[in-house]
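Chain nomenclature is as follows: A, B, C, D, E and F, assigned in order of appearance, with residue numbering initiated at 1 for each chain independently.
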Amino acid sequence: MPRTEDEVWLQELSWPDFEAYLESADNPTVVVPIGSTEQHGPHLPLGVDAYQAKDIAEGIAERADVVAAPPIWYGDAEHHMAFPGTIALSSETVISVLSDVYSSLARHGVENVLTVNGHRLANLPAIDIASKRVREEHPEVFFATVDLVRIGVRSHNELRDGDPEDGMHGGEFETSFIMHKHPDLVDEEEFVTETHDGWTRFTSNDYVSMDDSVGTASVSADWGEDDLGHHGDPTKASAEKGETLYEDIVDNAIEFLEDLYEHRSGDGSIGLSY
Amino acid sequence: MPRTEDEVWLQELSWPDFEAYLESADNPTVVVPIGSTEQHGPHLPLGVDAYQAKDIAEGIAERADVVAAPPIWYGDAEHHMAFPGTIALSSETVISVLSDVYSSLARHGVENVLTVNGHRLANLPAIDIASKRVREEHPEVFFATVDLVRIGVRSHNELRDGDPEDGMHGGEFETSFIMHKHPDLVDEEEFVTETHDGWTRFTSNDYVSMDDSVGTASVSADWGEDDLGHHGDPTKASAEKGETLYEDIVDNAIEFLEDLYEHRSGDGSIGLSY
Amino acid sequence: MPRTEDEVWLQELSWPDFEAYLESADNPTVVVPIGSTEQHGPHLPLGVDAYQAKDIAEGIAERADVVAAPPIWYGDAEHHMAFPGTIALSSETVISVLSDVYSSLARHGVENVLTVNGHRLANLPAIDIASKRVREEHPEVFFATVDLVRIGVRSHNELRDGDPEDGMHGGEFETSFIMHKHPDLVDEEEFVTETHDGWTRFTSNDYVSMDDSVGTASVSADWGEDDLGHHGDPTKASAEKGETLYEDIVDNAIEFLEDLYEHRSGDGSIGLSY
Amino acid sequence: MPRTEDEVWLQELSWPDFEAYLESADNPTVVVPIGSTEQHGPHLPLGVDAYQAKDIAEGIAERADVVAAPPIWYGDAEHHMAFPGTIALSSETVISVLSDVYSSLARHGVENVLTVNGHRLANLPAIDIASKRVREEHPEVFFATVDLVRIGVRSHNELRDGDPEDGMHGGEFETSFIMHKHPDLVDEEEFVTETHDGWTRFTSNDYVSMDDSVGTASVSADWGEDDLGHHGDPTKASAEKGETLYEDIVDNAIEFLEDLYEHRSGDGSIGLSY
Amino acid sequence: MPRTEDEVWLQELSWPDFEAYLESADNPTVVVPIGSTEQHGPHLPLGVDAYQAKDIAEGIAERADVVAAPPIWYGDAEHHMAFPGTIALSSETVISVLSDVYSSLARHGVENVLTVNGHRLANLPAIDIASKRVREEHPEVFFATVDLVRIGVRSHNELRDGDPEDGMHGGEFETSFIMHKHPDLVDEEEFVTETHDGWTRFTSNDYVSMDDSVGTASVSADWGEDDLGHHGDPTKASAEKGETLYEDIVDNAIEFLEDLYEHRSGDGSIGLSY
Amino acid sequence: MPRTEDEVWLQELSWPDFEAYLESADNPTVVVPIGSTEQHGPHLPLGVDAYQAKDIAEGIAERADVVAAPPIWYGDAEHHMAFPGTIALSSETVISVLSDVYSSLARHGVENVLTVNGHRLANLPAIDIASKRVREEHPEVFFATVDLVRIGVRSHNELRDGDPEDGMHGGEFETSFIMHKHPDLVDEEEFVTETHDGWTRFTSNDYVSMDDSVGTASVSADWGEDDLGHHGDPTKASAEKGETLYEDIVDNAIEFLEDLYEHRSGDGSIGLSY
């Protein structure tokens, strides 16, 4: 295979390169990064979620020697439309984009599709629905989703210095991540702590630990006049913390992929429980 | 208001009854139960998820003196279609049904819509998407979702006797719930322990506690020839456990509603953080 | 088959129970009740149409020894949204729900699907479209629709005491039906005669007999300020009349099913003529 | 108004002509003909339903001095796809076409839209749904549907010589109609009587008189190898019968329109009863 | 084949006639005319685009001895809704109508589908999308589109007397065409020259010759108060010019069909290059 | 405005940066690049179309001092699915993505949206439809589309050394472009001339000059066993030619934008002519 190890992006490969990958790989796998273009406070760029998805996807692809599909920069972000620059796809559009991408990969013989979601809770419903839909037509393909928080629960808990109730949008973790990977896109002079009182014990801002909770629907009208847009404390952020978080997430994804390959080479029965 | 306390179901009220409720209530609220008609092993009826949603909704409505909408018996259940009797709505259909119901309630002046989901993870994406969609058009209405597991994390952990990895579909908890509320629909002679090896540390069957996890797409083709359909250990179930679980969930929902009413009577700003 | 005769509801059966039914029945048949949650005047509950569909479905299932699917409580009711408590699914949503339910039943091997419509003209277009759509994919399945008025033309004509032009929404017949099956949900003190002048000979309020007619589109804006919502004369209603109507409709449906079974065991050619 | 009486077709008018009509007419009304392109046996052309709709629309427009929109030649005809030449729009497509046409007319200030349906039962669900949908957005516009059978119940019954159970697709009535208006498109040498046994008393082929009935879903697979496609007895047809039928239907439509105009000039309350 | 040469319209044939055509023709081909009902200035009727499509389709069908499907009178015309009488289908509706028509023809064994578009740029996106969609499912069918301008570039350039920047909506060419084929529908007393300054060299009104250009989205709000609706100079029109244009377009289409037949009888590989 | 001239990408700006741009710019404009991920022969990467769109968008944004939205890497590419690595969005999905992006920009007050299309004919129908749809809701926003071929007709003609009939997919021009901007992604050892006989004079492979033409629908089944996927002659390519092409296209786009700004500051009437 002429493709060298650092050529991980599908868009940089020719079709014979990709064909060679499919034919030579024991477990043909493609990573699909999806983020969002949405406000993350005055100190971070609009592309935070997409950068995170793209960076993690690239890290996984490099270390697992798999291919990464071109990044999907846009996601389900209507609830951030109060801030200029946010681009909102409807949930249906996100489902359609992912379904078409997944389906194309499945038709080419990709066996495992690993979506990397940089946009937390907001994209997950669409990813879930698209994955199930395409997998019904291609049951031979395994669809898994790496969400940056869900796959890194332990890491987030270990690294956290701030109050879990401070929130996680443009706060300690996302700021750290971008400081590590894109320091030039962070404006440290705009670091402001924005916290919000939890108003019930069921509506915690801590998306890492799980306690009794009630789901609520956030929309673009929820923002106050003076809100800066982020939720959390960027002053607790550091490039080091971002690096550790990044490495932990990639490590976990690699561990998962290895387990998946081994599992699929076995009898293949995959439990489901809901 | 002529409506007595035990008349909680919208379908039993006349339109002037419901109008009187809307006019007299400080916080006009409707509870919307949605379940699924899908296999739950040989010992439980196909309607388990819908019964749970209906029963919890009724409990909330009675104790909070609010109204419950007629139950939605069907949900997103394609992944159980391998078993006779399962009825699968597509995700899109569930989104449409909920959007239409939510929108109708909002147009009548209902201020809070509390969806009770008896079908765990599978219905949540559709509920999320429908809630956000309708709330964009009706930002004055608050949409919240009581999922039986998410609102009862502490209760599930306290009550559990079985191995968390046994799974939670027709297992210890759902069997207990139905034994408490619909003992005639449980066939104790068919109690069989069905457990599944967790195949990675990221794909735990424990949906209560949260650890590092990767999402996976379950489909109708995932079942083995001899699977009985449930995941978990019904022999650990008891009506007493079901009663405690039921009471805890209703208690939590009541506590949430009270906090919500108080919060909305304040400045109304509701933080959002993803 | 362990299922006893009075266990007719799918939601009360386990999947092996339903599998046993499918395997043992000569003509596996499922009845699908669909109604509406909509105003029916001050004397009747919002659930009238759904109760009627549910009751008739149950009666058919018990006497024909077939299975009834969980009731669909909501229908195409936008034209009643002027009254609080009405829940309106769009026509498209009703088509989607029915298509998914029909398709699931067909995939399990059900041979005959009998929809029972308690919501008269308003649900029929959606039922028609969904039935044709699913039958194109499953031509081996027979789809039939029992509409409470259409299957009971003779019975309605025989029983009627009021003026045919009084109308049939919450009038003599629906009030009688609910008085027979759910007397506690009828408020006889609110019985008011609401009649409407027929304004052309083509727009009769008599939906039983057929004369020259022009179809018209009713919408939520059609109601006047003081309208009570029902059309017809509840003072002509009685539980006895309701019982006769109920029995006649169930009798007719049973007669139809028997003819259908016999017909399908023959050469199977089914004429179509429009 | 420069438009002369015989210029009834919208496609023949310039936009100032149509503007002049809208401004000068007391009751601006447009007739919308929709048919189907589908087999009608070996003796009739594929366009029978569209010709009927077009001819009736033209007759109404001429005599009522209103405008007729260009004909929609295609309809919901999947159940005739077994025969070459049939063109089938899906029900959803028919709904979309009609909704767009209706909505355009409403936006121009047309007050009454009269759809003329030449395709009997098969197009009616789509017409119903489209009419209600557009009227919700334009409640000031009145939508009515002239179906050739429904508006002509008395006329059909009076004219009929054949057995009502012979059926009505390419039979006595449709053949007479085309013999009257398009004699060159009728092939009398191919007249064959095709009748079908009614297999239950609920599935009559008589679509004129109404008795106890059960709806059934016809599909393209229902046809037998040797079927000629029509249902009924063309040998009972005559141009005279077609002329009477045509005149009666147009007369009735004119009578309806006059009643409608008078009614709308009154208090405008239009009863609805289902 | 009993069909005579001048019977070209599908709606005039019986199903056995069309079956005979399919069986006897070496290259079963159907022409599908689609136009638009939209304003074309004060001197031309609303149906100009549809008449042109219909006339060209008829000409092709007569001379190539193929069949023409019933005309689609309506198209994508939202951008003309400022003028009374325009009927606008949404792009999605046009896609749906064409997809259903194409698909029906493909299922009957038609090998070549030739769409004749009388509505220039506005219908082409929908035709493109529908053709590709249906051809994916029926790769054995060839879909081609005759657009009146694109197929007649040379003819337009040769015939033109006016300034290319005058525009082409109801101008020299369309007026000439209708003067030739439907002289009674042209009002020569209303001939007014309406020209528009080209405002960049990339937004020429000359749709015939191709130079550097930028696409722009026209909408219904683009019209000025006093606009007459057409773009171009009808005083340059003549019936002779219309006849030449008509003959050239039909000639070209016939030449194309002959090349297509020859090509398909060869190895069948059809290059594609975008 | 803190944004420096080389910060052109929306994803690199914070929301206050973008707000500052909107407030300070005389003509707030955003460029939206859309390409495709699809095979371009063995010598070019799958991302060619997206790179071209991205590069041109960046060039325009830098020189016109406007903002570029994150690139859309995927397009309407079903007709290239025969080759591994191609990712195909349906036309409907492309319409949805663009509509959502356009609508978000319009809601933030962007006045001009300039789509840069790197995927030639295949994306144009979707861009057209989305632009018209969103502009109907936001008539104050101007939507224009820079297609690399259409805006550079003169440049292509001047630069061309090969035969126009060689085709333009991965040929002389696209290869030159990538050699100029991404030389590391071009594999010159794989340069092969792939030409296709034009099979009629109406189906030329020359997409630059316009002559009489008939549109045809290309699909994934059109490819031959041994096709390499590109159409054209990469041996005619050079980085210099790519640079000239790139500069000409950006120059033209800048000229167009300046004309547009001037035009919009005038009376704003924009002619439309189809």
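Methods note: a residue touches a chain if its C-beta (ideal position, glycine included) is under 8 Å from a C-beta of that chain, and two chains touch if they have at least 3 such contacts.
Worth saying up front: this structure is predicted, and the values here are computed from it rather than measured.
Undergrad: Out of curiosity, which chains are bumping into both chain B and chain F?
TA: Intersection of chain B and chain F contact lists gives A.
Undergrad: Please name the chain that ends up farthest from chain D once chain centres are defined by their CA atoms averaged.
TA: Farthest chain from chain D, going by C-alpha centroids: A.
Undergrad: Find the pair in A-B, E-F or B-C that has over half of its contact pairs, by residue number, in common with D-E.
TA: That interface is repeated by B-C.
Undergrad: Which of the two pairs, A-F or E-F, is linked by more C-beta contacts?
TA: Counting C-beta pairs in contact, E-F comes out ahead.
Undergrad: Distance-wise, how many Å sit between the C-alpha centres of chain B and chain E, to the nearest whole number?
TA: 55
Undergrad: Distance from the CA centroid of chain A to that of chain C, rounded to the nearest Å?
TA: Using C-alpha averages as centres, the distance is 48 Å.
Undergrad: Give, as an integer number of Å, the spacing between the C-alpha centres of chain D and chain C.
TA: Taking the average C-alpha coordinate of chain C and of chain D, the gap between them is 27 Å.
Undergrad: Provide the list of chain E residues touching at least two other chains, using ranges where the numbers run on.
TA: In chain E, the residues touching two or more other chains are 92.
Undergrad: From chain A, heading first to chain F, what order do the chains fall in as you go round?
TA: Cycle of chains, anchored at chain A and oriented toward chain F: A, F, E, D, C, B.
Undergrad: Quick check on the complex: what are the chain D residues that touch chain E?
TA: It comes out as residues 9-19, 22, 37, 39-47, 50-51, 69-74, 81, 83-90, 92-93, 96-97, 100-101, 104-105, 107-109, 185, 187, 190, 229.
Undergrad: Using the touch definition up top, name the residues of chain B that touch chain A in the complex.
TA: Touch list, chain B to chain A: 78-79, 91-92, 95, 119-122, 124-129, 131-133, 135-136, 139, 142-147, 150-155, 167-169, 196-202, 205, 207-222, 224, 231-232, 252-253, 255-256, 259-260, 263, 269-274.
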